[in-house]
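Here subunit A shows up in two complexes: once beside subunit B, once beside subunit C.
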Partner chain A sequence: MTTSRKTVETLSNDRRMSDETFITLLVASAAVGVFVLASAVVPNFFQPLNMLNLVTNNWAVISLGIGVTFLLVSGNFDLSVGGNVALAGVLAVWLAQSADGAHALSTGFGLPTTLAILLALCGALAIGGLNAFFVVRLRVPSIIVTLGTMMLARGIARVITQGSQRNTNLPDDFGVLGNLTLFDTAVKLPVVLMAALLVVAIVVEKKTVFGRLTYLIGANPVAARLSGVDKARHVTYLYLFSAAIAGAVGILLASEFKSGFSNRGMLMEFDALVISLLGGVAIAGGFGSVVGMVFGALILAVVTSAATGLVLSPDWQFILKAVAVFCAVTTQTWALARRHR
Partner chain B sequence: MAKPRDAVSGSTKGIGVNGHPPTPALSVEGLTKDYPGVRAVDNVSFSIARNTVHCLVGENGAGKSTLVKMLTGALRPTSGTMTVRGAAYAPGSPHDARQGGIATLFQELHVVDQLTVQENLTLGMERSRFGFLVKSDLDRRAVQTLAAIEPSIDPTMRVSALSVAQKQIVEIARAASSGASVIIMDEPTAALSEREVERLFAVIRRLRETDVTVIYISHKLDEIFALGDAVTVLRDGRHIATKSLSDVAGQPELIEMMIGRSVFQTYVPRPSVTDEAVLTAQGLTNHRLKSVSFHINRGEIVGFYGLVGSGKTEIARALFGADTVSGSIRFKGKPVERSPKAAIRSGIALVPEERRTQGLFTSLTLRPNISVMNTRRLSTHGMLRSADERAVAAEYVHKLRIATNSIEKYAEKLSGGNQQKVVIAKCLFADADLLLLDEPTRGVDVGAKTEIYDIIRELADKGRSVAVFSSELEEVLGLCDRIFLLFAGTLEAEIVNGPDVDVSHILHVVTGSGRSVAP
Partner chain C sequence: MSESSPAIPNRPACGPRIAQFLRTYYIYFVLLLVVAVLSMANLDRFDLFERGNFLNPNNIINILRVSAPLLTLAGAFTLLMVSGYIDLSVGSAMGLSAVVYALLAINGVPFLPAFAMTIMVGAMLGAINALLVVRLRITPVIATLITLSLFKGLALLLVEDGVSAIKSGGGRSMPAWFNDYGREGVLLGLPMAFWVAVLVTIALIVAQSRTLLGKYAAATGGNPTAAKLSGINTGGIVALLYVIVGITAALAGIARSSFMSLGDPLSGDGMELTAILVVLLGGTAFSGGEGKVLRSFVGALIIMALTVGMLTLVPAYYQTLVLGTALLAAAASNHLVSRKETAS
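Now for the complex of A and B:
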């Protein structure tokens, strides 16, 4: 290399933090801020167990948030994850229910649990494939496509459960995965899976070519294509991953409750979207991070659980979420604009 | 072409009837603008005669845009005064500037596509009674102004049906009818075809007759000679000269004033040219192209010259696999797979026409912008090697002399010329054997232009091939070994560059005037 080492060092030694680090720190301090505030105001809030519960109770939404964050960064929505949670859970239960039930809702296909789970995952992936097909091949805006598949997935779950749920005639091993605790603690398998998934997602996002391509596509899809990025393939992968996560979440929830409930995961797609936005992910794509999304989830968890602790009726939750979203998003926009002035 | 008028106050013919010079349309005195650590505009004084077209030139960073921002009230000067038609003028906002009679035509158009021409003419100045719109004198005056400068535009037409050039004219008419005495035009021809430029010029000349003074900003020096009465040159924030254009000897003199040295380029035959074809295209045909065939040799710089709409961009995109095209393209002896990704892998890279929308990731920093085309070389099993990536980015920033203090600078913060260098750096790092450059120096200042030409020549001297797609004849003549002339999607002629190239023949071919004449 002809360039002197000194030049390279000067040019690449930029001590100023990136916009992304800046926003993530902002979100993190907001999360700490609401936590301290809640600890001061809400009786019995500041307890180790409560802090742990803030994360573990939200494993499902945080897991979905990973797929949703990647898609948002690439400039695409995924509103189908909530419906997909219900579909995968219902499918797994239906396939695993023994074939000799007394009536329709207690009769399934009697497949072994493992096979039932694998086929249910395929069902979830099919929804992801459908998303990718419409968005990538037919170029329909992703918000419309995934709004459609959200209703489609939940619709199928409704039909299979006749609008309610299937919870009888299940083999005993069906309830293992969702209730398995690890390392002799109260930490359940789904929480451990979420943590593992987070680590993988952060590495993929920051250290791999795949993560880089996600940002490039979101930042400028036209330039990405003209720079040799296969956008179609990449976005297809992202939808499949997001659907796979949603399917896994649905199956774990079905296993935890030993039931396939057609209303499960209701509004989870919006919660996943909200925590991503709270975490600083740009709705237009090209900006954001999984770490930010996790802090966004913490903000939302603290706000809602503090409300419950203050014996506000649960009816207030939506209003509190709304306030949190407005505050967070305006602060971020304002802070970035100020930084660039 | 209209003869330049008495544009500079002080010239003998500009003396008014009773011996006093007429009041200038606009004058600035000791105008200075300081930013922390930088003096963007430094004690600039000049005046602009009434009813003239006054050109403002200078390299990127010379202080033109800061000056214009002060004139339009977007920035307040640190010191100095401005006068409009003899009255003190100190706008605190763009709104004040409009009140003071100064309107601006920006590069981005401010028309509403869904409304009619007439509605656009009075946009933001509507009168209403009880919430209902009423017609006023303003409407009539606006329509009259439009009819005076461009009668072919029907005021009842929807703006979405107009061309970019016509939309611009609507905007000009709006400015003129709102009582502006000075209209500032910032690179108004950037998106126009040659024919539309002529029409815009006619409009500007007619505007001059209606007691309006135009401040015209452009990188295209030929336009300045074609249109301007006087010119003000800025360099490094300082006022270099204000002259009547009839007193300027030609483009070389103007360029010399702009950059402080003489750089008029002439073509020098290069020894590296081979006759070993690296790319052969046969019968390329699509929505724009009509059976285009050519070949490009190793170590050669070829030019594709034609007016806007002649099919230059389409050929570049077809070779790169970005658009569908029928016909055969063989690169290094093999047929090419038609996608940008496959093109890059086989050794073809494209610097696209629009750098901000097609070439750059403006919201990202320079590092990912430079590495994007060749992430394979910077990764092991899909993991990016970030130290290597930083080294590569720094190397190219250094090599192409991109003006930045860090590779983590956001691409949108660079000037046009430096942004273009980033796009070129990206393509160089792709290590392509054939580099396609679509309008490589559009909107780029003279200094960066020369540097880009040097990069292109160096590349070809090393045995790579370069294709330049350009609508600037001077660029093609100064750079290319062989030139293909295009008109309306057909390749009309191929000429070998040299001292005896017949420029009038070239212009004849690319304007299509040679077509009806039988050989």
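Now for the complex of A and C:
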């Protein structure tokens, strides 16, 4: 409903800010609000290091959120990212482990680290390709497809690691990527990559034809088809894009811990979805932004770390997440409805 | 989805009769095939009905006992999906019910009141979903994702810190009757939990084929606008179905909790995926409008036979892979069937 109104607005050259800017501002002020509240209520919350940690601790989920946001904007789910994180990490470790291990879990293929990483990325891309095939060619609803590939990816990771993890017999250079610190600070490479990826994603989203077509496909698939947009190819790219990010995240995590763990990335798909929703991305497609998603991630990070600061049991995080998403979804709907009254 | 003609329940037979026959009864052939393969697999080591082989009566009884939670859920979940809605919170609802039931039992509440109260809790959880989806108009996927998180958090909070589940120990112990519901054979060696699943399924089959609930659910899923315009209270139907799913989730939680003799808040994790899988396996169209309770029940039998029977052949860590592959295969075959129907 909101999207059709938005289109009308754009056509009539309305001077007011767009709904998207409005929601992003709303989410940003909510993020600032919970931050101020947490600083006032939670002891030791307001510290520079803590603020930096809010972002750096969440680099994995924010990175995954980029791909997930783009797909949601185009009207598709991607719940396979968590499983893909596990698969890519396990594959990279398996391929890089030397071939002369004492038992099955310490024996790999002994490939050079670079090649192992590239092949692991290909594995992740294959899952993305599978998603695209089922969603685009077979027209199966994306939520069902990506739940299936989530299990498939994690299932393969579990078989490779025999249900646990591989962490022995790895070459020394395997642990470099995930632990590399840059510019003589404590900021690690994955965080910098996340920041770079965010910048690229925002430019693509706002300034390129590809980005704007993503909105068109999500907002009005029929109009998109009638204006000659190759929706199949576009959505395929988006799934490959999201899978590549998930693969990279998985490999970086595997490198950071020097292990391929089949349960890594559990529930990350839900967290990536949750931060997108908190950030104002509409599940029906055509609405939302990467910037909003980042603010959504900040809200979630502040809320959960404040809960930890207040010495609530970690079990509270599930209820807090539920309440946050509920408030976000209802407030956004209400605010948009009010705006258009 | 946009291409397919608006789904009409009980659409007339089309295509050659053999294809029609296969479409209706394929699920039984799949079940036969799975059972046949699993019973052949260990023949070199054991006789057909010997202990250690799939067809050993004790093994069959064991599989049916373990299947009770999924068998209970499958039917209600089918009706919900037929009406075009989904519930991702069933696993969490099941875990929460298991914890509530175990808590009541360990604090001295007798069987029947504990049972009834847990079912009421389940109905309430379903009503919360209905409230979010029908009243507040939140998309089903998001609404039930919210409650997935909420129910799981509540279940975890009900279990005190430092222990993973409600169980005997620390001066408290589970009452003697606690295991009976899920383990003690009452008829043909099968426990109450299994027979309750059968009763629930029969009730839902009757509801689907003989009452307006089934017709209205199909109408709501097939074409919501048309259903509403012809005076069907679609919101009421959907709310009722969410409550029924909540009740069956509670029954599933009780069955699981009684079988394991503990109240584990995570005991239902992943149940939503398995439920979706068996419903798709049963041929229910994901766009709603079509689907049969009985076929999902058989689908649940197939999945349980497969996952439990597989354990004698390959290590347990193959399970996720098999379930994921089965889900994609079911989705693909659903697509092929529905494409044929639209083509002819």
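Quick note on the criterion: the second predicted complex is superposed on the first by the 326 of 341 C-alpha atoms of A that agree within 3 Å, B and C clash if a C-alpha of one lies under 4 Å from a C-alpha of the other, contacts with A are read in each partner's own complex, and residues count from 1 in each chain.
Operating definition for what follows: a residue touches a chain if its C-beta (ideal position, glycine included) is under 8 Å from a C-beta of that chain, and two chains touch if they have at least 3 such contacts.
As the structure is a computational prediction, the values presented were derived from the model and not from experiment.
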item	value
First (subunit B), second (subunit C), both or neither touched by A:A195	neither
Partner chain(s) touched by A:A219 [first = subunit B, second = subunit C, both, neither]	first
Subunit B versus subunit C as contact partner of A:C122, first or second or both or neither	neither
Subunit B versus subunit C as contact partner of A:Q317, first or second or both or neither	second
First, second, both or neither for A:G286, with subunit B first and subunit C second	first
Subunit B versus subunit C as contact partner of A:V32, first or second or both or neither	neither
Subunit B versus subunit C as contact partner of A:R139, first or second or both or neither	second
First (subunit B), second (subunit C), both or neither touched by A:S18	first
Winner by number of subunit A residues touched, once subunit B and subunit C are compared	C
Subunit B versus subunit C as contact partner of A:M266, first or second or both or neither	neither
Common ground on subunit A, meaning residues reached by subunit C in one complex and by subunit B in the other	none
Parts of subunit A lying in touch with subunit B, wherever the complex brings them together	1-3, 7-8, 10-14, 16, 18-19, 207-210, 212-213, 215-216, 219-220, 222-230, 286-287
Subunit C-touching residues of subunit A, taken from the complex the two chains share	77, 130, 134, 138-141, 143-145, 147-156, 158-159, 161-163, 221, 262, 270, 273-274, 277, 283-284, 313, 315-323, 325-326, 329-330, 333
Parts of subunit C lying in touch with subunit A, wherever the complex brings them together	1-3, 86, 132, 136-139, 141-142, 145-150, 152-154, 156-157, 161, 273, 276, 280, 286-287, 315-325, 327-328, 331-332, 334-335
Subunit A partner contacts - residues on subunit B that touch it in the complex	320, 322, 339-341, 343-345, 350, 352, 357-365, 367-368, 372-373, 375-376, 379, 382-384, 386, 390-391, 393-395, 397-399, 404-410, 426, 430
